[in-house]
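Below, chain A partners chain B and then partners chain C, in two separate complexes.
Up next, the complex of A and B:
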């Protein structure tokens, strides 16, 4: 008995050994950068022309400057507006499609084809997709030419010069890139609902609409919250699409500048203090949102 | 009995109508998904002069010319694709191999702190790469690794999301008895991992390899902070450069060719592997 135990623990030592690559890489490339980022947020450290200012310890001054002086609120607002513009149509579409795909009565044919098509935009390089939309929606681009030839537009419309159209395009691209992914997630949730519940509702004479609103949706709540919050976390990280679409300017009048674009700007201008403070704020915000995800999914598992 | 059968017949026609509506909506949505890539393909085959005259439905004859001009232009696109391939390929390999190893450590051994390690890895899954970017760039500069692929490849070894997926798959597909049997046969632990665990994990590994490859191939934020020299740039950085250069005033045929060059290889690979990708995604979603 004693011998066997020592053999087992000798094997189990290998657990630590196999964890070494992960641990080493994590510490070097994630933990140290995280600590440096937090550390830098307490220092004044930027370039004034060719002159380097700092690093001087300033405590929480960078945070104060960000919260009161800068345009942080505006950029947060931009990010949220563009996220909502993409998320609302995305969730409506995904709910509809996943309900159809999983409906045993409808028995839709060609499901694999449709799933393949709707997931496709998710794999496209966001930078290239955004560049594509920039060219297609440019003043001399094909969208203008098609809309004019169909007599929908009279004159060329400059999509890049209007706040609504730029934000709308970013939202549209985000929706297009993510609704396939959301559909597949929701489908997994819907297939977990036992058929007997649907049958019981049908026997009671419920219409398809009633079944969807009164049976499917309430049971889908945990995965729905998961989708909502992971999408929100992803939305806070929005960067590639608006960055390429507006060439990093967030034009018109910085109305499409997101938080990460703002961070990217500070990183490029080597304003490390502000970049650090902004990073820490984003980290805290993401941390809170992730904690909610964990609670929701943990509850789901207990049930 | 009779009542229910009448009812079923009654809802039968409405199901038919709903099915027709579903197909129409699905076709419209598919059209909206594919339309942009169709326009991209058409425009990549047309000359700058033709493009100036507005959109046509049929392709032109300038596909070869546009690509010839692109490859001989000022953007190092072929080099960019090779760089992207190297970084994404090695990232996918290292990430899946070592994530399997990490998952295996938690799955196959009972050591002190095992549960804590698992929870910890799940916790760091939520830290976005952007919030550590400042420290990451400083670290890379300090190590003298700017314009080097190492800081873009090696960090993929610690990939919590990949780890989590593989761990879930392992729980249902890698029984402990199998490992025990290999041990009785006298195989060493490293050998068991490489010759028993890895082959059994192949389906899950290939799904994750595809996702890691695509994520790395598409990544723009981090590479743009690390790679500044022309011959080290990846495709997304070149796309951003194209956007900044305002090529719209020059040759639009080339601009479309460049976008097609970065998008179409992924589409072709996706269509070949789509069964694994969409299926694997659903499998992960069910478990995760």
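Up next, the complex of A and C:
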């Protein structure tokens, strides 16, 4: 009896040994930075030119400044608006495409080709993608020239000087970059649904629309929640696309400044205190939002 | 016996061969000892200074794109572009520990611009060597313009950098447009039409009627206003707005609303459209280097290549740019650094070469006077006009007493925030509030109200 137990525990040891690489990487690159970020958020610590100010312990003063500054809500709003502008068309497009791709009755030709093509935008670096759009949509850029020569616009339209067009472009770019990825995830989910359910629905006389709404979607829920939460977290961390598109300004009037762009503003003076406080708030915010999404969408599973 | 003899002879012979070499080696070592480190590291943000050294420093040989040789010293060019503050971030990382760095890694020379010069010549920061520590005297620099020295003088009165440029600037106008609208492209005649801001604004309206933009963007005129302020951006830790800056906002808003200029960024494609005849832009504001270095003079379709620009003083005098050479504290090549600074910023022949080859308005009163006096100062990009008398007069009048260490950030953020007002996305007060927010983010130690 005693001997048997020790064999098992010796065997279990391998589990821990195999976990070491992950644990070491996690502690060095995730846990320690996380803890020091929280630690830093309680200090006044920045550079003024070549002079260092601090670190002086200031308690919660950095958080106070962030909350009373009044702009945090605005940047959070910007981030969410631009995320929704990108996510809604993206999820609609992805659902449609993945339903088509997985529908055995359609037997689409060239599926491999299209799956590759829709994934391609994601392979381009976001910064390069954004730079490309900046050039295309600049006042003297090709989009303006084409629209004017087609007599759609009379005058050059300054896309970068209007709130709607800047946010719209950010949303459009995010949608374009990520719908391929989402399509592939949703397809994986749809292919996991047993054919027998579809066949049963067909035998019962359900229309394709009914099959999609009543069979596919409910069974897709776990994957759907995964897509929603990862996209939400990615959305909250939105940075490179609007940063490059607006040259870091978030203009017009900071209406396209995201939370991470705001964080980046504090790094000019290497203001680790304020940046740390903002990061901690972002962490809490992400946790709360993810919890809400999970509660709302996965109510059945939780109960 | 014979064998032993042979061995002795060969030993002597071998010794005879080795000894002189050893003696010679000792000599070169002594010579090298006088000239210190073997690697000269130079921190720059673009190719400008490298091309000046390549063209004008005697004995410099380029070995590849980022390396060269002066005698037996390897010159290592470390180029970090200015975008997103990357150049200064890099300096801020390497300079404070430069004294303790390994000999071959020590920064020996770094360059700075007027916008942030005060940060690096600061006596407390002490990252740039006082020039007197290198053995450079006031006498050596006597032909330089006072403003180029004022800006790099620290609180103790020590000079910590020197420049080969005196970037006094003017209004660069399109001769074609001047003939068409003002009836003459003579600098004196054009000057009458832009003599002050009231006249300038009237001319802008005429240009608009003739289908020209007055300037490519509102940011073109910004430096003219901001160089003529009566209070610095920051007084006792508080950000203050000068009346002349406010005047820039009002004049610019009126011009944007009237369609006489745009709100494009400097250096953007929309800004540089006017470098070509089809861009239909009447004027740019800048020093001579702008035409030569930035206005596509190497493209034969450009106005610059056709000699189609003229230069006049404009509504107010100002300067733009200029690059100062600093000796990094901790350098292991002080003799060579001293020679580079003296050669590039005080040698009359080198300065004249630079002026003629690169159109730099050089920081040397004698050379500028000589260039103004005869045809050697005529510039092809200006259609043969000799701008040096005007530029020299401008350089005498530049006043650097209203600068603060925060100027670069303040200027950038102010122009950025006001773009919202010009574009109609915000009221003036809202745009100003955004400027203040941005300033406190950049410089947490400042207050705005």
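One rule holds in what follows: the second predicted complex is superposed on the first by the 247 of 303 C-alpha atoms of A that agree within 3 Å, B and C clash if a C-alpha of one lies under 4 Å from a C-alpha of the other, contacts with A are read in each partner's own complex, and residues count from 1 in each chain.
Here is the rule we use: a residue touches a chain if its C-beta (ideal position, glycine included) is under 8 Å from a C-beta of that chain, and two chains touch if they have at least 3 such contacts.
Quantities reported herein were computed from a predicted structural model and do not represent experimental measurements.
J.: With the two structures laid over each other on chain A, which partner does A:57 touch: chain B (first), chain C (second), both, or neither?
T.: In the superposition, A:57 contacts neither chain B nor chain C.
J.: Mind working out whether A:239 is in touch with chain B, chain C, both or neither, as first, second, both or neither?
T.: Only chain B; A:239 stays clear of chain C.
J.: According to the stated criteria, A:138 is in contact with first (chain B), second (chain C), both, or neither; which is it?
T.: The answer is both, since A:138 touches chain B and chain C.
J.: For A:29, select first, second, both or neither according to whether it touches chain B, chain C, the two together, or no partner.
T.: first
J.: Once chain A of both complexes is superposed, is A:112 in touch with chain B (first), chain C (second), both, or neither?
T.: first
J.: Does chain A have more residues touched by chain B or by chain C?
T.: Tallying touched residues of chain A, the top partner is B.
J.: Tell me the contact category for A:247 with respect to chain B and chain C: first, second, both or neither.
T.: both
J.: Can you give me the overlap between the chain B contact set and the chain C contact set on chain A?
T.: In chain A, residues 135, 138, 140, 247-248 are touched by chain B and also by chain C.
J.: In the complex of these two chains, what residues of chain A are touching chain B?
T.: 8, 11-19, 21-22, 25-26, 28-30, 32-37, 39-40, 93, 96-97, 100, 105-108, 112-121, 123-129, 131-136, 138, 140, 142, 145-146, 149, 176, 180-181, 184-185, 187-188, 191-192, 208, 233, 236-237, 239-240, 243-244, 247-248, 260, 263-264, 267, 272, 275-276, 279-280, 282-283, 286-287, 290, 293
J.: For chain C, which residues count as touching chain A in their complex?
T.: Listed in rising order, the residues of chain C that touch chain A are 84-85, 92, 95-96, 119-120, 122, 124-125, 127, 262-265, 268-270, 273, 405, 409, 416, 419-420, 423, 425-426, 430-431, 434, 437-438, 441-445.
J.: Which residues of chain B touch chain A once you look at their complex with the stated criterion?
T.: These residues of chain B touch chain A: 15, 18-19, 22-23, 25-26, 29-30, 32-34, 36, 39-40, 43, 52, 54-55, 98-99, 101-102, 104-106, 108-111, 114, 117, 121, 124, 126-128, 130-139, 151, 154-155, 157-158, 163, 183, 189, 193, 214, 217-218, 220-221, 225, 235-236, 239-240, 242-244, 248, 252, 255-256, 259, 262-263, 266-267, 270-271, 274-275, 277-278, 281-282, 285-286.
J.: For the complex, which residues does chain A have touching chain C?
T.: 46-51, 53, 69, 71, 135, 138-141, 158, 161-163, 247-249, 251-255, 265-266, 268-269, 271, 274
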